[in-house]
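In the two complexes below, chain A is the common chain; its partner is chain B in one and chain C in the other.
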Partner chain A sequence: MSELDGYSLRLYVAGQTPKSIAAIANLKKICDKHLPGRYEIEIIDLMKDPALAMRHQIVAIPTLIRQLPEPLKRIIGDLSNAEKVLVGLDIRPN
Partner chain B sequence: MSQGDPKLPLFEDADETVAAIHQGDIDAVVVMRSLEGPQVILLHGAEEPYRVLVERMSDGALTTGPDGVVLYVNERLCELTGYPSSRLVGRGLNSLFEGEPPKLVPEVTAEASLLRNGDDAMPVAVWSRPISIADTTATLVRLSDLSIHRRAEQIAAAERFARSVLEQATEAVVVLSPDGHITHASWRAEQIAKRSPVGSKFSEVFQLEADSTPDARTLARFSAESLDTLLATRPFHGLEVKLCGDGAIKSTFLLSAGPLVDDNRTNVGSIVTLTDITERKRAEEQQTTMVAELNHRVKNILAIVQSVAAQTMRSSGSPENFAVAFDGRLKALAIAHDILTQTRWIGIGLSELLATMLAPYRAPEEPRISILGPAVLLPARAVVPLSMVLHELTTNAAKYGALSTRRGKIEITWQLGGGVDQSIELVWQERDGRKVKPPAQAGFGTKLIDRVISHDLDGKTRIDFDPAGIRYTLTFPVRGVATQRAATSGPATA
Partner chain C sequence: MPGKAPAKSGHLPTIGKSPTGIRGLDEVTQGGLPQGRPTLLCGSAGCGKTLFGMTFLYNGVVEYNEPGVFLAFEEQPEDLIKNVGSLDYDIEKLIAEKKLAIDHVEIERTKIAESGEYDLEGLFIRLGFAIDSIGAKRVVVDTVETLFSGLENEQLLRSELRRLFEWLKSKGVTAIITGERGEGTLTRYGLEEYVADCVILLDNRVQDQLSTRRLRIVKYRGSAHGTNEYPFIIDEQGVTVMPITSSGLAHDASTERLPSGIPDLDQMLEGQGYYKGSSILVSGMAGSGKSTLAAHFVDATCASDHRCIFFAMEESPRQIIRNTRSIGIDLQKWVDKKLLRFRARRPSLFGLETHLATMYRDVTEFEPTAVIIDPMSALMNAGATGDVHSMVLRLVDFLKARGVTALFTNLGVTAGENAATEIQISSLMDTWLLLYNRESNGEHNRQLYLLKSRGMAHSNQVREFIMSSEGIKLREAYVGPEGVVTGSARLAQEAKDKAAVLIREQEMERRSRELQRKRREIAAQIEALQAQLANEEAEQALLDREGTAREDQLAADRVAMGVSRQTRARSDKPAPKPKK
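So, the complex of A and B:
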């Protein structure tokens, strides 16, 4: 994966809440389908360290942040609407 | 802190966050605590069903923080105000209301006017209770739309008002729906219909027939159905009708109909009135009869005056004599008419008539004329002729008889005869006057007396020239004469 075309994603979750679990599963499914081999996901559990929320002013959980490519983008929710996620992350379906 | 710049606004995408909370897309939030820093609060568990309940409730709901700032609004409140949640969250609670904001007392309902986007403020009931969210004291405020309730109250009040108007109406008033069915009826309408007419067609309850030929022609143009439709949809006025059918009230009614319109000025039926004009019709007929009667009487009076003038002229030797005699006779006529007017043409008691006509000759200190007889009510038609006769008798007595001397007296007595016609026999007896001699020929006064008694009163006159005093016996029928009292009036001497 090159840095130019890769996606660096960070998903903020709160432990094992239903929406957090759903968001992780939905995100992986979307990335596998539309960004095979071009993504990297970092899951941040704010239950363990709430202070990490400060970096991206996280209020709602789950929240997905696209760190790369720039600009920074934010999607709130459990990512069950794949189309909304693709639009939100600027990913063109293959 | 290394992870973020505390100067950046925490709610960068507040709308998106609020929307996600509403839609149930998230189940945890990060709350900033000044001492502990950020803290994660889970929304599921006890809060989740509560959130669902608040979100789905039919009333508007919001939560405020300790400072009165709106933190959350439900969908229903957005509908009620016409504003999206993003316009409501973050505002002070009091700014949502027009005029005096509600005073929040836990679990006590207050009323207020909720501001709305592009519309009139809405009356709402405001109820509140404190709630605790993650160690923070907030207030849940519920707002219930009172406009439907108010409208229902207004409709109920209008209905009560209309009902009381109908109940108090002395006329028969019914309200028709556009298809001609009666929806409301006044008390009088029920009385005339002899049952509750509500629910029936107008023509089923009120079977009409016209009261006059022109109205009959108008009514004949309509079938029962078309009359129902006409009354329910068109303004209509002035048809005089009677009710027909077994046991129908024998009254004359004025049938009228006017449109009934709602708030939007849409025709929603009509108000039909049956005004009882029986008494008015009777009064009109009575008035017509009275005018004809008056006309007849005026002509009679003129004929009498003409006749009296002609006869007085013939018997008067000079214009001066004519003036005196004619004046006396006209005065007698005037007195008779005064009596008729005062008694409203009912008539007068015979003793009252005698007392009135003879008043100028009855000085209290010199009782010269006595009046004695049973109480009799003279009919109006006898008053004028008898007044003329009494005038002539009095004038003769004053010129030639008992009243021409200082000691002369007159005794007037009468009695009632039997028979179908019931007659009066009145005796005018003069005494202590000049010595009476039969005249060579009858004077005009005597002729007039005889003529009036025979022609106008259908009676007879007898004159006895008794040397001690002249005596007139007048007999005439008084059909319709009523005996006023059983007792006699007693000797009315003066």
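So, the complex of A and C:
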């Protein structure tokens, strides 16, 4: 995976809610399809580390943040609409 | 019932209240905001919602030892701290001491894409974490409606906000939720539907280019509260709500007296002066001596070691001090002794209600025995006539309730709307002094008349009012057949009277001298007549003696003749001629 076109993604969830589980599954599916081998996902459970919610400006759950490549991008929701996720992450489908 | 939450025992449980520490608001709400419940604070932009919220938190920490969380949607923490820095609130210190937390929630629609379902659990976690980390008892959410412009799904937002308020309740924190005023609704997105326990409306109305902030408790479930619109002010001392209503007519009536500072005027008021806690109206034309009269009262009050506030509407304190010096009163020394406080404000500086609110604050702070409002008529420019009346009514009630003696001066105009105001206001006053400035014989002379003074047998005389370098003197006006005369006319009249008296006296003297002269004359006449009589008597006696002497001579002669003739027996017949 090259540094230039690698995607560093963070997904903020709050416990094992249906929306969180769905978001994780949806994200993996989209990344596997459109960014094979070019991504890494960090899942942060705010229930376990609530201080991060304030530090990272999280309001809605689930929230997906594209850390890299810059600039920062935010998508909220369970990511069920793949097209919007691709636009939001600025990924051109292969 | 100031400040304290009602703690009635043996009654139905009343809801707990969290005092806001905002002067006046705790009186209006009879103790504060509903404890452990959210209160909706709504109002249009710039009416002081954020400051209200911050004051609530700051007082909570400083006065009631209740930590607080400020959840800001609109302003950055730095801006917030800077904004309230003008109020001497050291927010940074409180944050460092972990008594206060500020969390800024940044939501911008353009930076957020939405895909699928979500909730606002992140917000709950943030707020929950902030509350738990400092043990907060108070929360301010300012302004949560910003979320509506940041997120697309309004339906979801509504249900999440409902959940937020329920959640705040379950956390047991006393919360203020601010909301922007909407068209025809209290808040733009109808938050009042969710926060139903207590709703407070702030308002900033501009009338005649003067803005006045007002506060109204729209509803307060489970508690009695004041229902009026109360003016409030925001200045360097924070927020002050003025809970003045015109409902109270239960003030005490003191029998104590305060000297007016003018012994002659005290004489007209049963020799003792005004009643303590009464309202005095001094009305008169320009230059009739209203301010001077007020200055005397201030001087007398301070001289007896009582505090006094002088609300000057037209003159600066320095000017007043200088002017009163010319009549022998030194107000500066009372200022130096902290017995006298000047508050000089132009009437047009702000609206009537704000004037009232600042006066309220000054009076509660300084606790004076007497206040002067000079002149009250200047306030007419700051509001409509009816408003002035209502303001003065509330001011009078407020001052009476606190037992503060108030002296209002009023620039009287004989005709026009001000006269009507004077009539309205005069009925609120206990003592009404009228000062005239009458023109006659080419000069203006001041007169004072005590039109009314409730509860005392006051003088009904018109007095001449003389200002000298030793202060005010009242002279009995000259009342003569031509009416009351004053000034040099009085002097002339008095001189005329004096002359008349002199003439009368001289006349009397002259008459008595004449009488004496006559008496002497008559006595002399009597003496002369008597002398004459004596003369005549003496003459008579002489004649008598002469007569007797002659008869004796005749008899003697006859005898001698008879002897010589020897013919006649009768000596009284002439001797007959001898016949041949």
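As a convention for this text, the second predicted complex is superposed on the first by the 94 of 94 C-alpha atoms of A that agree within 3 Å, B and C clash if a C-alpha of one lies under 4 Å from a C-alpha of the other, contacts with A are read in each partner's own complex, and residues count from 1 in each chain.
In the analysis below, a residue touches a chain if its C-beta (ideal position, glycine included) is under 8 Å from a C-beta of that chain, and two chains touch if they have at least 3 such contacts.
Since this is a predicted model, take the numbers as computed values, not measurements.
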{"item": "Contacts of A:Gly88 with chain B and chain C, given as first, second, both or neither", "value": "second"}
{"item": "First (chain B), second (chain C), both or neither touched by A:Gly77", "value": "both"}
{"item": "Chain B versus chain C as contact partner of A:Lys19, first or second or both or neither", "value": "both"}
{"item": "Partner chain(s) touched by A:Gly37 [first = chain B, second = chain C, both, neither]", "value": "neither"}
{"item": "Contacts of A:Ala53 with chain B and chain C, given as first, second, both or neither", "value": "both"}
{"item": "More chain A residues in contact - chain B or chain C", "value": "C"}
{"item": "Chain B and chain C footprints on chain A, overlapping residues", "value": "14, 17, 19, 46-47, 50-51, 53-54, 57-63, 74, 76-78"}
{"item": "Chain A - residues contacting chain B, complex", "value": "14, 17-20, 46-47, 50-63, 74, 76-78"}
{"item": "Chain B residues within the chain A interface of the complex", "value": "1, 3-4, 6, 8-13, 16-17, 20-21, 23, 25-30, 37-40, 42, 44"}
{"item": "Parts of chain A lying in touch with chain C, wherever the complex brings them together", "value": "12, 14, 17, 19, 22-23, 26, 46-47, 50-51, 53-54, 57-63, 73-82, 84-85, 87-88"}
{"item": "Complex contacts: residues of chain C adjacent to chain A", "value": "103, 105-107, 111-123, 125-126, 128-130, 147, 151"}
